[in-house]
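Each in structure tokens, the structures are laid out below.
Heads up, the next two complexes both have subunit A, just with different partners, subunit B and then subunit C.
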Partner chain A sequence: MEKVRIGFYALTSCYGCQLQFAMMDEIVQLLDKANIECWFMVDRDSDEEREVDIAFIEGSVSTQEEIELIKKIREKAKIVIAVGSCAIHGGVQSWGKDKELEELWKTVYGDGRVKFEPKMAEPVENYIKVDYKLYGCPPEKKDFLYALGTFLIGSWPEDIDYPVCVECRLNGNPCILIEKGEPCLGPLTTAGCDARCPSFNIACIGCRGAVGYGVAWFDSLAREFKKKGLTKEEILERMRIFNAHNPKLEEMINKVFEEGE
Partner chain B sequence: MRYVKLPKENIYDFLERLKDYGKLYAPVKISEKFYDFREVDDVKKIEFHYNRTIMPPKKFFFLPREKMFEFSISKAEYKETIENVEPFVVFGLHACDIFALKIMDTIYLDEFPDKYYKVRREKGIIIGISCMPDEYCFCNLRETDFADDGFDLFLHELPDGYLVRVGTPIGHRIVDKSIKLFEEVTSQDICDFREFEKKREESFKYHEDWGSLRYLLELEMEHPMWDEQSELCLACGNCNTTCPTCRCYEVQDIPNLDGDTGVRIRRWDSCQLRSHGLVAGNHNFRPTKRSRFMNRYLCKNSYNEKLGLSYCVGCGRCTYFCPAGISFVKNLRTIMGLEDKSCPPEISEEIPKRGFAYGGAKQ
Partner chain C sequence: MVTITIGEFTRVEGNGEADIIIENGEVKEVKLKIVEGPRFFELLTLGRYYYDVPDLEARICAICYLSHSVASVLGIERAFNVEVPREVMLLRELGLLGEFLESHALHLYLLVAPDVFGYPDAIKMASKHGELVKEGLSIKAFGNYIREVIGGREIHGINVKPGGFGRYPTIEELEKIEQNSEALLRFAKRAVNVFADLKFYGAKAEHFVATNSYLYGDKLIACDEEVFDYYEHIEEKTLPYSFAKQSKYKGDIFMVGALPRVMLKSEQLTPLAKKLFEDHREKLSQGYVSLNNLAQAIELVYALEKAKEIARELLDKGLSCENVPVEVQEGEGIGYVEAPRGVLIHHYKIDSKGNISYSNIITPTALNHAIMELSLYEEAKKNYGSLDEKTFVQRLEETVRAFDPCISCSVHLVKL
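Here is the complex of A and B:
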């Protein structure tokens, strides 16, 4: 069997996604199945110019140079996988999406200068076609193994299109949203984390991003939060942490606050 | 049927002895308000007056997540991974949950038995307990408020103990082995039992005829309730994952990194999720939240011919555990014209153009 050529590329991020995967014991099993063409964290002999079968991209697109890089990756890769919340949803760095770039820059770097051209953080999908997504901040090892394993047998992995609540119930947890009235984002958020935070009695903050396919009901959940006394700003602030680029978010929340009592 | 009395002072001895039959599971408090069936070490922690558990007892037989088999692509083989299940005892099921298991049996034991369910069902000892309904209960309207069978023992609360109905040979054995814990039923006990049942019957919130429900649901597919209520729905699936009779599961193959072997797993599914109606070619039987919302109402109120019951046993979980506060009962009563506020004056004039299977193509 011919070896699968793999590349792992990083845009603006904390590098936590690739660290998560680089530290997997199972990665050893890959050695006779795959050639790592480009993955600077694990292989010194990496080259962004090589062609690959599967390209993993982490990080948000935050510079002009990164736009060029991902366009190049798209051309050289058969399958492009966006990895983690930054690549998929723009990451927490998109939280301040409504602010001016200048203001954000000043807050973080003051008068510091860099050799690249900064821009507002965006999801990879805003620039190139993404074939598959590994959600999370960081993503789950099991999702990575599942996706790779499925590609290796020549099949296509399933996307996760259901919310955290499903896994929370399967685990037998009490429901934080009902019982404590805390603004748990479980109903909106893509499952796969095995409801990690709610299992520790902590309301979901939505780090895996809202479920796709138009089935993240920001409006219905905002209505519940509103009943519990949260203001529109508080609701937006919380839901935006990992969903700033979701086109439905504001529209749906505005609708709820226009409904009146 | 055999009847014995378990005096109150013997209940904990009795529970302790149940552990001789295997692991003991019983309702305990898992948080401020919620209960669940958990393995019990200290029998004093058992809650005798719980309202409902967040996970239905089907979880012991139809596991929330389960490995089904291991496969090898190169060998074109698969090996079922059916566990060697040890006997276990589930104490404290309410009548509705016992009926729910009977409904599950009609799906998973009759005709094409599900091996994974069967092996657990055969090893599980079921001990029921009487209950007082709260405002969410409507098992009386579902005719699932009193279990005639489906249990090994059933405990009915009396002021000074329990009247115990013995339902199976295993139930007899449990009683016989601890016969010193039991007494004969007295005429006072019978009076107390009758009194309890009377009080219980009166405690239900609704006393009405739901005979028209099944056909009104089918006729009222364009009722405004569907739009209004599905708009509130979070599509989180809680109503399904807490339901004692929801039986759909989702299957997934997880290949290993060797490009050859792997496992097939399954987990509880929910018809409120997009992928439930998704089929090849990216077609979806239920493409909208409204259509998925309706599906549960129609499924739960359809008729189980073997038992002559609806698939809903009236446990109240789907309402109690709905984060959006949607009331299943209220919505059904709206359809039947029993809720004043939004009940239709009569059956809507227009005959629906879409039948059961196609209900709710509307956006």
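Here is the complex of A and C:
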């Protein structure tokens, strides 16, 4: 069998996604079946110019160079996988669009005349077609295994279309939202982490991003939070951490606060 | 004028570049550039309710996320005047030790060892030195296990909170930590031998800076016996060619990290680590940055001994699993933590509603930016002309690696 050619590319990120991937015990077995064409973290002999079968992209698109890079990757790759919340949703660095970039830049670097052209952090999908997504900040190891294993046998992995609550109920955790009144984002967040944080007795902050397919009901959850006394700003702020680019978010929350009592 | 650019450093966590500027056949200047986009973490947290801040800021760095969470939590607790009991502090220390194990093992065995044995990367090195790689990976896996138990996940867990934890470890988990610490100790001892043979390279820092306790602190200390808050003596400036800022201590180049830690705080080391330190004291006192690797190996021993000690104490006393209530009040606080790479600072002002009104984060890679640049300059000067270009570039890459720089973390410093 021909070896599968793999590339792992990092945009603006914390390197957590690739670290998670690189450190799996199973990776050793995988290495027999794959050729790493480009992965700077693990292989000195890496080259972005090479063609690959599967391209993993981590990080948000935050500089002009990164836009060029992902376009090149798209041309050279058969399958493009966006890995993690940064690549899929722009990540935590997607500071709300209400803050002016110029101003941010000045605040941080003053008149230091740093010669780079910064831009707003964006999801990879804003620039190129993405074939599959590995949710999470970072994704769970089993996410990688499942996707890669499925691709390696020539099949296509399934997307996750249900929320964290499903797994949380299956685990039999007490519900933090209902019993402790804490703002858990489990009801609108993509499952797959086995309700990790609620199992640690901590409200989900939504690191896997809102469920797709138009079933992330920001409004009904916001209504719950509102009943518990959270302000509109607090709700938006919390839901935005991993969903800054979601087109539905603000609209739905606004609706809830226009409804009155 | 010729410029040699070292492109994306391989085997460094992040995107960095260096320009070596050559004039009339001599190395004139080195510019160390951080080329990836800034992520504006301080601004992300401005105006935000304090509670989510440690979780957000963990995302600055995957390799030392727990250091960020703990520094953030300490800053917030100090702002609110919250005192947590010894049990909570011990568990946080345990988490930080897990992070030392994970990060130092990754750096030493997978990034530095290939240089020592002359391989391009760890995968290729594994064919000849499989045992060593395996030992490194098992230490790393254990570090990650501790991070999962204490932090809530190997990477970016959210279990560390102001006032305590979401979930406390079980007796079985603490027992496992105690046993594994003991079992892995002999690998760590071996690492000290392997990395004791390293060549000297890089510059010597004029000053060492660390926190006053081994793993965290309420003040910084320096080799001139100063005890201080960072803003008293550390000054930052922006550079025209890099996203990261550069810092000086009393106007001089300084270093943070494992080498400064063992040199300034050897009294606090655990017995075996202390002995190994004494065995190598003379060498370490030379102060070259490459010795940071040896210091890290000694810290692997320290981390295992200390983790065992903490697990035992908690098992003997039993856990009460009680969080301290956090009462919001207006205040200001600084959290100093020793991340694996050195001093990490989170400084906050919080308003009476509990929202962040000021935030400043200074990371170890940023603090080390100047000494890193100087080291590159000295290595470049020493070797330019006498080595062919490929070996020359390789030597400079090794120099950068000695610092264990984590470039993703260096771009997040701000003064507001």
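We take it that the second predicted complex is superposed on the first by the 248 of 261 C-alpha atoms of A that agree within 3 Å, B and C clash if a C-alpha of one lies under 4 Å from a C-alpha of the other, contacts with A are read in each partner's own complex, and residues count from 1 in each chain.
Note that a residue touches a chain if its C-beta (ideal position, glycine included) is under 8 Å from a C-beta of that chain, and two chains touch if they have at least 3 such contacts.
A quick note: this is a predicted structure, and the numbers were derived from the prediction, not measured.
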| item | value |
| --- | --- |
| Three-chain arrangement built on subunit A, subunit B and subunit C clash or fit | fit |
| Residue contacts with subunit A in the superposition, subunit B compared against subunit C | C |
| Subunit B versus subunit C as contact partner of A:Phe40, first or second or both or neither | second |
| Contacts of A:Arg238 with subunit B and subunit C, given as first, second, both or neither | second |
| Contacts of A:Tyr15 with subunit B and subunit C, given as first, second, both or neither | second |
| Partner chain(s) touched by A:Met23 [first = subunit B, second = subunit C, both, neither] | second |
| Superposition-derived minimum Cα distance between subunit C and subunit B (Å) | 13 |
| Subunit A residues touching subunit B - in the complex, by the definition given at the top | 1, 26, 29-30, 33, 145-146, 148-150, 152-153, 155, 158, 161-163, 165-166, 169-172, 174-175, 177-180, 186-187, 213, 215, 217, 219-221, 223-224, 227 |
| Complex interface listing, subunit B residues touching subunit A | 30-34, 36, 54-55, 59, 64-65, 73, 231-238, 241-242, 252-260, 262, 267-268, 270, 273-275, 289, 321-325 |
| Sites on subunit C touched by subunit A in the complex | 8, 10-11, 13-15, 35-44, 48-49, 52, 55-56, 59-63, 65, 120-123, 140-141, 144, 152-159, 161, 166-167, 237-243, 245, 408, 414, 416 |
| Complex contact set, residues of subunit A against subunit C | 10-17, 19-20, 23, 25, 31, 40-46, 60, 62-63, 65-66, 91-93, 95, 99, 104, 107-110, 112-116, 118-119, 121, 137-138, 196-197, 199-202, 205, 207, 234, 237-238, 241 |
